[in-house]
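Given below, in the form of structure tokens, are the structures.
Next come two complexes built around subunit A: one with subunit B, the other with subunit C.
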Partner chain A sequence: MEDEVRKRIAEMLDSGEVTAVIALKDVLGMTTPCVFKKGDDLSSLRLSPHYPLATLAMKMHKMDPEYKIAILCRGCDERALLEMAKRNQIDMDKLSIIGIACDEETAKDCNCSVPYPSCEDLIGEKLEELELGDAFEDYKRMSTAEKLEFWKKQFEKCNKCYGCRNICQMCFCKDCELENELWLKKGRLPPDFPVYHLIRAFHLAGKCVGCGECESACPAGIPLMTINRLLRDDMKELFDYVVGNTEEVNPLYTKEEF
Partner chain B sequence: MSDEWEPKIVGFLCNWCCYAGADMAGTSRMHYPANIRVIRVMCSSRINAEMIIKAFQTGADAVFIGGCHPGDCHYVDGNYRTKKRIDLLKRLIEHIGIEPERLRLEWISAAEGEEFAKTMKELRDDIKKLGPSPLREIAREAI
Partner chain C sequence: MEYETVLTTCPYCGCGCKYYIEVIDGVAKDVLPCKEDPISQGKLCIKGWNAVDFVYSGDRLKTPLIKENGKFREASWDEAYGLIASKFKDIKGTHGANALGLLSSAKTTNEENYLMQKFARSVIVTNNVDHCARLCHASTVAGLAAAFGSGAMTNSTPEVEEADCILITGSNTTEQHPLIGSRIFKAKENGAKIILIDPRAIQLSKFADLHLRQRPGTDVAWINGFIHVIIEEGLADEEFITTRTENFEELKELVKDYTPERVEEITGIPKEDLVKAARMYAGADSASIIYSMGITQHTTGVDNVKSCANLSMVTGNLGKPSTGVNPLRGQNNVQGACDLGALPNVFPGYQAVVNPDFREKFEKAWGMAEKIPDNIGLTVVEMMNEAHKGNLKCIYIMGENPMISDPDITHVKEALENLDFLVVQDLFVTETAALADVVLPGTSFLEKDGTFTATDRRVQRVRKAIEPIGDSRPDWKIICELAQRMGSKGFEFKSPKEIQDEIASLTPIYGGITYDRLDELGYLQWPCPNAEHAGTVFLHKDKCSRGPGHFFAVEYKPPAELPDEKYPFTLTTGRILFHFHTGTMTRRSEKLNKEVPTGYVEINPQDAEELGIKDGEKVKVSTRRGTIDIPAYVTRKVPLKTVFIPFHFNECAANMLTNPALDPIAKIPEFKVCACKIETIGE
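Take a look at the complex of A and B:
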């Protein structure tokens, strides 16, 4: 799979279709995001672990909107790019996608129902019918009081490092409400229950692409994706909205009745 | 005065309908429980999730939001936005372990003073049955 990607990248750079390719590479045994240009050695290219590369593409696009970039793209990365495009953060016409499909293990790890991008020349096997099961079965059986107890324990571990926000592909606001002293006093640890996490969860409703980066970035190991996924299901149930579709706007931003 | 526990309710009322409705209830000398602390806002869609979450965090037993009837919004479509936002927020607070009944959205017009008084009684009774907010104990001294 890696060789196939290398071939594709080399073709794109040599033909001049794109000037740079955003991908991952191996540096001294560690994987890091990087930008490949024409003539670069592609042998150090890596495909895993997954990393939010869409943020890099957005930042590069903002620096120079005319720059032609290609990006290594998983299902979640593509959803992130589409949501960014809807919010005028990136121009999809200036972007080429090298789509790679996730394997079964990764997809199950992320509880991802669409572990592949929608592009035609996909690299890797497309997993369309994946048995995921209900990951929240135990959680949903809890009573209201038990849920509160559960989250109280989880959120108490938070040391307000903002890691979940910083790694998030969909957190691109210039002014973040989580830094507003109106809602969250500075210097208070753990942050007031449940303000920090509820504000973040609510702001990500209809935005969260389900990449799971916040959860893996959290040093305290708070199961942040649980709440994001629950809200994702609610968005589907209440407004029939699925993150990553190309046309629909997040119903929370529109005036239409439901 | 009895020592019985009384819920504290934070009310966000839209200037054009619900606030005028509450005013109507007052000028018509209707009786309704004094549990609500009213905050006047220009439109119910002015209320964002942060405000409601903060109200709960600082120890409110319930949050009431009053807006104009659908189609009657002074700003044309504000209340449709409110409806969607509150529906989702109800789900979110339920996931976290706060009863969704503690967040209530009602449409009350400027002429419905009686409706306002009735809603306040209902809300007070409902919250009394539920008991104090679970966040009250853990709410640290805020502000």
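Take a look at the complex of A and C:
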């Protein structure tokens, strides 16, 4: 797969279709986000672990809206870009996508039902009929009181690092409500229960693309993807809304949010 | 658009998280966690996430400053060096080399600490060089070296999550070492028992299987109590004691008197809890002690540390994975600053200055004509005392801020003002730099290369991400240029890499550490004696560094100043999650400063009610040394008759109040206990 991606990157840069390709590469034995330009050595290209590349695309786009970028894209990254575009954070016309499909293990780890981007020239095998099963059976069996207790214990570990927000490709509001003293006191550890975590959860409902970055950035080991998955199911059930679709915007979307 | 990420090491706490700095067109934009870094594993605390902010703070020093008629004016490097060189020479000529003192910095790199002590010992020719480790872990370095032969954390950060039992005392780990705190949570989820011994209720209290709240300053008593119970109940590891240790009988005799009843009287810990905790610790297959300043910052700091060592050895919890005695070092590079000899009693690698062989070794290596003095130099607090008395004439400070960090600030200020000449090298005009005659603009971690050593002896690279701001210069360069200006040889380094090569050649524990190996392996844990050595994950396997582990029979001694009628409260001080030390960096980070914009005094609701104090109201806190006005935070975190003040804030500086009474061996001041009173001021 890596070789195919290398070929695609080289073609796009050589033909002048794009000026820069956002991808991953190996530096000092570790994978880091990077930008490839024409003539760069592509042998160091890597495809994992996942990093929030859509955020980098957005940053570069905001610095120079005319800059032509291609981006290495998994299913979640493409959904992120599409949702960003709906909120005027990025212009999809200025962006080319190098789509790669995730393997079964990765998809299951992420609880992802659409582990591939929608582009036609997808690299890798598309896993369409993936059986995720119900990963939250134990959780769902709990009574409401037990669930409250469960989250209380989890959120009490919170280090208030804001890492879940900082790393999130979908968190780009200028003034984050997590920092609004109307809702919670600043400087407290753990942050006020449950408002700190619920603000984020609700603001990501219908927006979260399921990339898993928040949970992997959480020093407290809080199962944030459980919340995200439950909200994803609710959005489908209550509003019939699926994140990353190209037709409609999130029914909970408010124009004031960024 | 040019984008690159630079992998570097966090400049805040001793956990040693590595992360990427995202640089676009030469400007450091953001911090991005590195998923494959073994310490952070892609997670960071709020300080790490915000580590770029302060670097671009508008008030960064951009040129040297010289004070004239009480005011600073900008100066060229040439003029500043000229002035400093002639003053240093004059003072040395008139009053002797020991009239000068140097303070190195736990915030700067290993290479810079090495150079600073080399400058002290080979250019000025004095052992008067120290740094803020004196104020945090001097007692660790002394205590553990005496007991085991090495004064460092015995085990490694990743091992924490595999322990069966973790005893945490005097460490608010989730606030001060968040990425070690997160491993304590993991250990708990893996089934480990957590024992917390701390006067305050902290985040970890809710996760501890047992939380014992001792009276501040009674640690030797509860530890002796633990050992009493362990021996009484036959839980001691006889085999370990016989084969690996010495002097056990003396300790055994001493702890006979520390019955749970007596310990309860001294410490306030209910005797049933003490027994339960002792059994829990002794019953675990692998039990790890984690401690920090709650143990060290006492007049009995060394005794406390030796007691922790006793406890680990009695149960055989040493020299094995996930055990040991694990002091968490506060600063990003306080371990390295000690390792590289920025201490008045040792050369790099803890080679004692009183040993003539070591003196000769360094005199020769540094090509010196003069002899390095055979006496131990002055420590931080002693320098201030000698300056106050007029014996010390000049101090050169790199990256430290004693005007906030040292005990009894009024005394510090008088001392610094009493000097003939003060040079401060820093990023900003700190409270200390404001008193200087010359201020030199150093650079932040983003603007230079080097290495930091994390709390678990982990040497890691700091990599330059951006060019120095203004006309500031990397600290290693400043020291080299100043030394050359003073006519000294041996400072012709072109890069920190070359400095590390000299370090490796003279420092056996760093002997196998090179930049190439660090690039390849990511880190190396000392001792790493040669280029083939893979580094040392945990110390004292099979045998302690000194041979047999030594038991010290230590009696409990009360703190230097206890509450009385006039000053009825116990004051204890410390740090909080959102800030770091003297706030020079964190208070210039918008996000951090917004979380906690100023200091406060934590007071128990019952005490607050008796005194008629409401939450948020400004009160007056006084001790025999000073008075501050500070908002009250009414909270059950502190027990009755005990108050807590974070020390980061100059407008309500805890160290106006603290007691400079010293531990007799380590010379660490008693920041953790003094007597105070609280009054309302109707604001």
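Here is the rule we go by: the second predicted complex is superposed on the first by the 252 of 258 C-alpha atoms of A that agree within 3 Å, B and C clash if a C-alpha of one lies under 4 Å from a C-alpha of the other, contacts with A are read in each partner's own complex, and residues count from 1 in each chain.
Heads up, the rule we're going with is that a contact is a pair of C-beta atoms (placed from the backbone, for glycine too) under 8 Å apart; a residue touches a chain by one contact, two chains touch by 3 or more.
Note that the structure is predicted; figures quoted are calculated from it, not measured.
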Should subunit B and subunit C be called a clash or a fit once both complexes are overlaid on subunit A? fit
Looking at A:130, would you say it contacts subunit B, subunit C, both, or neither? Reply first, second, both or neither. neither
Counting only touches as set out at the top, which of subunit B and subunit C does A:187 meet: first, second, both, neither? second
Should A:242 be classified as contacting the first partner (subunit B), the second (subunit C), both, or neither? neither
To make sure I follow: the centres are taken over C-alpha atoms, the vertex is subunit A, the ends are subunit B and subunit C. What is that angle to the nearest 10 degrees? 90
A:63 in the overlay: touching subunit B, subunit C, both, or neither? Say first, second, both or neither. second
Applying the document's definition of touch, where does A:119 land relative to subunit B and subunit C: first, second, both, or neither? neither
Between subunit B (first) and subunit C (second), which does A:176 come into contact with in this model arrangement: first, second, both, or neither? neither
After the superposition on A, what does A:85 contact: first (subunit B), second (subunit C), both or neither? neither
With the two complexes overlaid on chain A, what is the closest approach of subunit B to subunit C, counting only CA atoms, in Å? 9
Would you please give the residues of subunit A that touch subunit B in one complex and also touch subunit C in the other complex? none
Spell out the residues on subunit A that touch subunit B in their complex, using ranges where they run on. 144-152, 177, 180, 182-183, 185, 188, 192-195, 198-199, 201-203, 205, 227, 230-231, 234-235, 238-239, 251-252, 254-258
Subunit A partner, complex, touching residues on subunit B are 49-50, 53-54, 57, 70, 76-77, 80-81, 83-85, 87-89, 91-99, 134-135, 138-140, 142
Flag every residue of subunit C that touches subunit A in the complex, lowest number first. 1-5, 7, 20, 22, 24, 29, 32-37, 42-46, 48-49, 174-175, 178-179, 181-182, 185-186, 189, 203, 206-207, 519-520, 522, 576-578, 591, 594-596
Residue numbers on subunit A that touch subunit C, as the complex places them: 20, 27-35, 49, 51, 56, 59-60, 63-64, 67, 156-157, 159-163, 166-167, 179, 186-187, 189-190, 216-221
